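What follows is subunit A paired twice: with subunit B in the first complex and subunit C in the second.
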Partner chain A sequence: MATRIVTVDRNTRPGVGPILLGMWITLRNMLQTLFQRKGATIQYPEENRPVSTRYRGIHILTVRQDGSPKCVACYMCATVCPAECIYIEAGERPEKSIEKYPTRFEIDLLRCVYCGFCVDACPEEAIIMSRENNLVGTTRAELVIDRDRLMSRAETAEHGAGYRPDEHDVRRPVRLAALDRLSKEHGIVPGMPKR
Partner chain B sequence: MPKFTIDGKELEVAAGTTVIQAASAAGIDIPHFCWHPDLPVDGNCRMCLVEVEKAPKLQIACNTQVTEGMVVHTSSPKAAEAHRTTLELLLINHPIDCPVCDQAGECYLQDQYMDHGLHDAQVEIEHKVHKRKVANLGPIMLDAERCVLCSRCLRFEREVTGTNLLEFKNRGNRTEITTFDGGPITHEYAGNLADVCPVGALLSHDFRFKMRVWFLEQTESVCGGCSTGCNTWIDARDGEVQRIRPRRNVEVNKSWICDPGRMLYKQFHVPERLTGARAKRGANWEGVALEAAIDELAAKLGEAGSASAFVATPQASNEDLFAFKALAEAQGGQLDFRVGNPQDKLHVRIDEVLQRADRNPNTQGCIDLGMGKDGVDAILVACRAGAVKALVLQGPELLRAAEAADAIAKVPFVAVMATHEEPALALAHLVLPAALWVEADGTYTNYQRRVQRAKKAVPAPGDAKPRFELALGLLRRRGHALAVVSARDLFVTLAKSVPDYTNLDYKALGFGGRALATAPERAGASAPAGA
Partner chain C sequence: MASATLPAALSPALLEQPAVRVLSEALGENLLAATDFRGEIAITVERKAWYKAVSLLRDHPELEFKLFLDLCGVDFFDREDQPERFAVVLHLYSVSKKRHVRLRTPVPESDPKVQTIIPLFKGANWFEREAWDMYGIVFDGHPNLIRLLTHDAFVGHPLRKDYPQGQRHVLKEPRKWLLQVPPESEHMIVNLGPSHPAMHGCFRVQTLLDGEIVRDAEAEIGYMHRNFEKMAEARTYWQVIPYTDRLNYCSSFMNGHGWALAVEKLLGVQAPARAEAVRVILSEFSRIMDHFVCISTNVVDLGAITPFFVVFRGREKIYELLESCCGARLTVSYVRIGGLAQDVPDDFVPRCRETLEFVMDAFKQMDELLTRNIIFNNRFRDIGVLSKEDALSYGWAGPCLRGSGVETDVRRDAPYSGYDQYDFDVPVGTTGDCYDRYLVRIEEIRQSARIIRQALDKLPAGPVIVDDRKVALPPKSEVYGNIESLMNHFKLVYDGILPPAGEVYGATEGANGELGYYIVSDGGKHPYRLKVRPPCYNNYQAYPEMLKGGQIADAIAIIGGLNVIAGELDR
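== the complex of A and B ==
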C-alpha cells in the first residue's frame, strides 16, 4: 500500500484558521478510515510495510555450493561489532585452501544494534542481512541465533536479502584514506615504481 | 663512541653498533624481517635499506655499523621507495591468507604493507607459485607459501638450540623452508620458532585458531616453571589465559622460553583448581567460607602457640614468603622450606638452553629471606614426638613426601594452602585455596639472584587468595597485623629487613628485574639438608 504524504505549511500565522484546518484534516482522516478504509494503519502482522533492499534486518550466513558456510572464521565481524554480540569458535577445514571455518557462530540478536558493520567488515561476503525485522521469541536463549539457523535463513527469510556489500565497495574508503596518508606523509603515490 | 645523525636526531653510540640497533634504541622504527636482536645478522631480506649520505647506494641498516659523522635517512623518498619495492617483491607469491592466518595482527608483512607498501598487486592469484600448506611439524604448523625466506628460524635452530632441523630447499621462486623429510620439530624450544617467524609461515599448533591476537590483553610476568625465571608475557582474554610468550630480557632468557614453560597455562583454568576452603569434620570434608577457615586456623595457632611448625614453598613469591615468615616468627614456631632439597638443584641445568632442574621459581628467594631455618628433618622429628600441635604448609610439597606421612599423621591439626586438588591433600585438616603466580602480584628471585616482578594477569578463581593475603589475615587475627595492603607495600617492608634487598621497590625493579650481588657462600645450600 502506497504511503500518503501530507504536506503542512508550518509558516502560517497563528489564529483560528490553522486550528480549524488541523481539525478538518483530523476529521477527514477519521471519516476516510471509517467509511473508505483508506487509513494510515496497516494490519500487521498480516500486512507488512515494504522495506528497502538495503534494510538491515536479521543476519544471514551465506553458504558455498556444497552447503558449507562461506565464513572462514576470521573474526572481523566480531572485532568490529560495537555491541560485542558475535561469538565465534574456529575449527579446521579439510580443504587446505580454506583451512578455517566456524564450528560455532552465534549472534545475540537482543544485543545487536543492527548497524551492519559486520557485513561491511566481512572479507568473504559470508555475512549479510535480511529484510526481516519481526524478532519474536518466548525466551532470551531463543534469540541467540546459532550457526545452522543463520545458515538456513537464506531459504527461510521471508522478505529476501537486505544489506549486503555488492552494491558499494566498503573497502574503498579505508584504502583511499591509507593512500592519502602515504602521499601526505611520504610524498609517495603508489603504483608501479618509476623506471 | 661515534656520533651520527639519523632522521635529524644526533646520537652517540658505542663503537660497533649497527644502524638498526642505534635506531631501535632511539625509538626510530626501521622496517625489517631478517634482523632479530638475539640472532646473528644475516642481511638477506633487504627490507631495512636506508639512505646514508655520501654512500653511492642504499645500505642495509642491520649490517651497517655506525661511523663518525654518518648521516642516515630512514624515510627519505629514496629509502621509502626501496621499502615499497622490497615489499612488492616479497608479496609477489604471498598467498594473502590474512583472514585465516593466526599471525594476523602481529605480522610484519601486514604492518609494513600498511606503513610502507600500499601498492597495487601486479600478480593475479592464479599466477602465484604454490607451495606446501598446513604441514604439521609436531608443535609447529608450517605454511611455506607465507614464508619470506628471512632465515630467522634457521639461525634460531643453528645458534640457540643447535639442532639445525630446518633448511631451505629448491631455488628461486620455488625456494621453501622444510625439515628433513618433513619430520617434526623435536626439541623443547619449538614455540620460539613461531615467535621468531615474522610472518605466519611457522605457527604454534597449540594456539592454532584459538584466538585473534588483538583480543588479548598482555601482562608482564615471570615464568613459574623453573629457577631460570624467564620473563614472559601472559596473554589473556576475559580473565582466561590463552598463551604465554617470552618477554625479552637479555640478562635472563633473551627472547626465548621453553615449551614446558609455555604450556603452564594449561593448568590455570582446570576443574582441579581449588576455589573454596574446606575443613575435615570427622572423616568427611565440609566446605567452609574462607574467612571462617582463616578464623579456625588462627584459633588453632592460638592454642598451639610455639608448638607449631611452618613449611614454606619455593613456588611462592617473596611477598608470600615474607608474610609467612612473619607469621612463623610471631608464633615462635619452627620454619623451613627445603622439602626435597630444591636448593641443591637451583643451578643445575637440564639442557644447554634455559631449563634448570629446580622446577621452582623462587628457591633463591627462600634462601635470601632465610626461610631455611630449622630444617625439615627437625620439624618432622618434632612432629613424630608430638611436639607440634599445628602444622601450616604454604604448599602441598610435604604432604606428597612419602617419608613424612607418619610424622604428619601425628600432628593434630595440619593446614595447607594449595592451588590444585590432589590426593595428598587428604592428609590435611584444613585446605585454603591459594592463587597461582599469574593471579597475584609478586616478585621472584631467580638462580642468578635477580629479583623479578610478575604482575597479576587474571583473577583467581572463586575464593582463592594470594598466599600473602592468607598469611596477613592470620597475622591480623593473631594480633600481629602488618601495616600493608598490597604486595607492593609488602615488598617495601621486606626490603627494609632483608639484606641486599634494601632500597628496592617495584619501581626500582621495573619489569626487567634487578640483579643482586651473588653471595659467596649460598646460605641454605650448605646448611643441614631437609627431608
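== the complex of A and C ==
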C-alpha cells in the first residue's frame, strides 16, 4: 500500500483570531459541563467508575462445593509470577482425587504488579482476579493476604469477579462449579466479559 | 542460522551485502566474522580496526549508515564460543539505503579498552558512558567517562555476569555540581530538576546562566534507574512483558508490542493476522495518547492549561478501551509472545469507532486551540533548532527526528505487524524547531486515526495466539481436559520459551521513536543479554547542547517537545 512522505505546512497564518476561537472553545466546554452534564469527572468516593469485567484487581482463590480451596498447590502461579509475590506451602489431603492442597497461600499485594499471569498459569481455575481495586492498609503486614482471606472476602461480592480464563475457552461446565458457588454466595455471574 | 565464517571463507551471499564487502576489502584480516541471522547483518571486527570500521560504515557512499541507533556492551562470561569476555556492539541505520547493520568487536577482560567513536557520532557519548558504567569497558578518548545511570558511590559494574543480583549500594552525597562557575564572572548556576514542576519526570539539568541566557548546561539522569536489563536476565521471555510496560508508561502497549515482535523474530514465529491487526489498532491508539500527553503537558509548562483538560478526556476513553480488552489501564501486559493474552471483547469494533470519534473531537479542539495561536507560535517557532546532520549524529528518533527533516519511519521502512497493508503518510518537518516537532505530532495523530479506521474495516477473524505449544500456552479447555496439554502447560510455565541461540535486534516505531530490543540468546530460558534502545535517551542527550545560547524560558519549551519519559530514559 502507498505510504507517502509529506512535509508539514508551517505556513499556518497565526494571529489573534485563533485566540478568540480558543476562548470560545473554553467557554463552550464550560457551558456544556454546567448545563449539559458533559463533565468528565465523577464524585469519588461517593461515586465509582464502572470497571471492565476483565479488570485485574485483588485476587480470589476459588473454592470447591465443600468449601475447601480448589488450589492443588502446584506452584504454577508462584513460578510464573514476575514479581515473586506468591508464597505457597503444600499439605496432603486424604482424598485420592485431590491429594494436595495449600496449607499456606499468601500474596504480597504490595509487590504484586497485577499482570494476571497467575490466572493464565493456573491449570485449575483456582486463582482468578476480582474487580476490587481499593487497596488500603495502615501497615505493610496487613497487605500480605493469606489463604482464608483470599477465599472469602466480603468485598468480592460487592465488586465482582474480574480477569479469569476466557469462557469461550473453558467448555467443561464441571470446572465452573467453583464459580457457581461464587455466584450463589456472592452474586457473581460468570460469563463472557461485557462492558 | 548463525554461522561464523573467516573473512577468507566469507560466503558469496554475505559478500553481496555491501557492508560486508566494503569492510572486508578495507580491513582484510581485521574483519573477523560476518553473519546473517534472521535477515540481520552482523559484522565482527578486530578492536584496533573499530574506529576505522565505524567511519567507513558512516562515510562510504555505498553504505551511508548515518543514523546512530545504539551502542552497548555484552558480557560473555561463561560462553566458550566467544573469543573474549566482553564485546562492544554498535547498531547503525542507513536512512538512504534503508539498511540496518550490527558491528561488534571483542574486548578482552585483561585490557578492556576500545577507542571512542564520539567524533563520528555525538550520540555515542552517553552510550559509551553507560557501557563503562555497566561493564567497566573503557573508551579511550572519551571526554567525561563517569557514572551515568548508577551513582558515584556505586561499587563495581552491575551488568557483569558475576555481579550478584540484588546487590545494593547507598548514596549519601549526591553529585552537587555538574558545572563550575567561571572565576570572576557573575554567572549563576540554576538547577532544573530533579524535582521541578516543569520537568517531565525525575531528571536534572544544571544550567549556567548569564542573566537569562544559558551559557552552559549539563544533564544528569539515572534517578529512576532500576536496571531493567539485569532483571530481564533472570526472567523468562514471558515474564519480561510486565517490565516493558514500565519503560514508556505513557504508551505502555507499544513497548509490549515491540518486545513480542523482537522475541517472535528470534523464534521465527508469526502471530496470527487477527492478533497483529489488534496490536496495530491498540498501538496507534497508544501513539495518539502519547502525543496527547506530550503536546498538552508541553503547553501546560508554557501556561496554556485548556488543551490539557480537553485531550485528557480523550485519553481517558483510550484507557477505558484498553481496560475492556485486558483489564488494566496503564500497565496493560496484553501482548504475549506469539499473539495476545485474550481475544478482544465482542463489542471491540463499535467501541473503537466510538472512542476514535471522541478522541478526534478532542484532537480537533486542541488543534484549534494551539496551531494558529499567535502566543503559542511565538514561543515555539525557531526555538530549539537541531539540524538534520546533528539529529542523525545524536541518533534522534521518531517525531523529533522527522521534525528535523529526516524521512524515516520504521513502519514504512521495515513494516511489521502488517503495516504495509495500510495507507498512511509520514510527516516530516523542514527546520527542526519546536514548532516542526509539534506539527509532525499533530499530523501523526491524524495518520494514526487513518490507520485505525482501515484496520477496523478489515479486522480479520480467527485465533489471537499461535498454535505452537513451544511458544503459547494450550487453551484452558485442553489443560483441564487432557494430560498431554496439562503437561505441556506445566513444562512451558516452568521452562519458559526456549529460543535458538542467536542475536536479534527488533525495532518498532514507538510513540517517541524507534524502540529497539537487542536480544542475545544462548538458547536458555532467560535472555542472555537484553539491551533496550530507548528513543528518548538519544533525544534527551542533545538537550543540554540545544540550550546553549538560548533563553532559560526556552529550555522549558524545548524539553516538553522532546517527550522524555523517565521510565524509559533510566530503565
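In this section, the second predicted complex is superposed on the first by the 124 of 195 C-alpha atoms of A that agree within 3 Å, B and C clash if a C-alpha of one lies under 4 Å from a C-alpha of the other, contacts with A are read in each partner's own complex, and residues count from 1 in each chain.
Everything that follows uses one rule, which is that contacts are C-beta pairs under 8 Å (C-beta built on N, C-alpha and C of every residue); 3 or more make two chains touch, one makes a residue touch a chain.
Since this is a predicted model, take the numbers as computed values, not measurements.
Comparing subunit C and subunit B on the residues of subunit A they touch gives the larger count to C. In the superposed model, A:Thr79 makes contact with both subunit B and subunit C. Judged by the touch definition given at the top, the superposed model places A:Pro123 against both subunit B and subunit C. Shared-chain residue A:Ile98: touches subunit B; no touch with subunit C. In the superposition on chain A, A:Arg37 contacts neither subunit B nor subunit C. Comparing the two complexes, residues 74, 76, 79, 123-124, 175, 192-193 of subunit A contact subunit B in one case and subunit C in the other.
Considering their complex, residues 235, 238-243, 306, 309-310, 312-313, 316, 320, 323-328, 331, 333, 341-343, 345-347, 351, 365, 368-377, 407, 409, 411-412, 420-431, 435-436, 439-440, 442-443, 473, 475-477, 479-481, 486, 489-490, 493-494 of subunit C touch subunit A.
Every residue of subunit B that touches subunit A in the complex is listed here, in rising order: 75, 77, 80-81, 84-85, 88, 97-100, 104, 114, 117-120, 122, 133-134, 208-210, 212, 214-215.
Residue ranges of subunit A in contact with subunit C, taken from their complex: 1-10, 12-19, 21-22, 25-26, 29, 40, 51-52, 54-56, 74, 76, 79-80, 82-83, 113-117, 120-121, 123-125, 129, 162-163, 165-166, 168-172, 175, 192-195. Per the touch definition, subunit A reaches subunit B in the complex via residues 72-76, 78-79, 90-92, 96-100, 123-124, 175, 178-179, 182, 186-188, 190-193.
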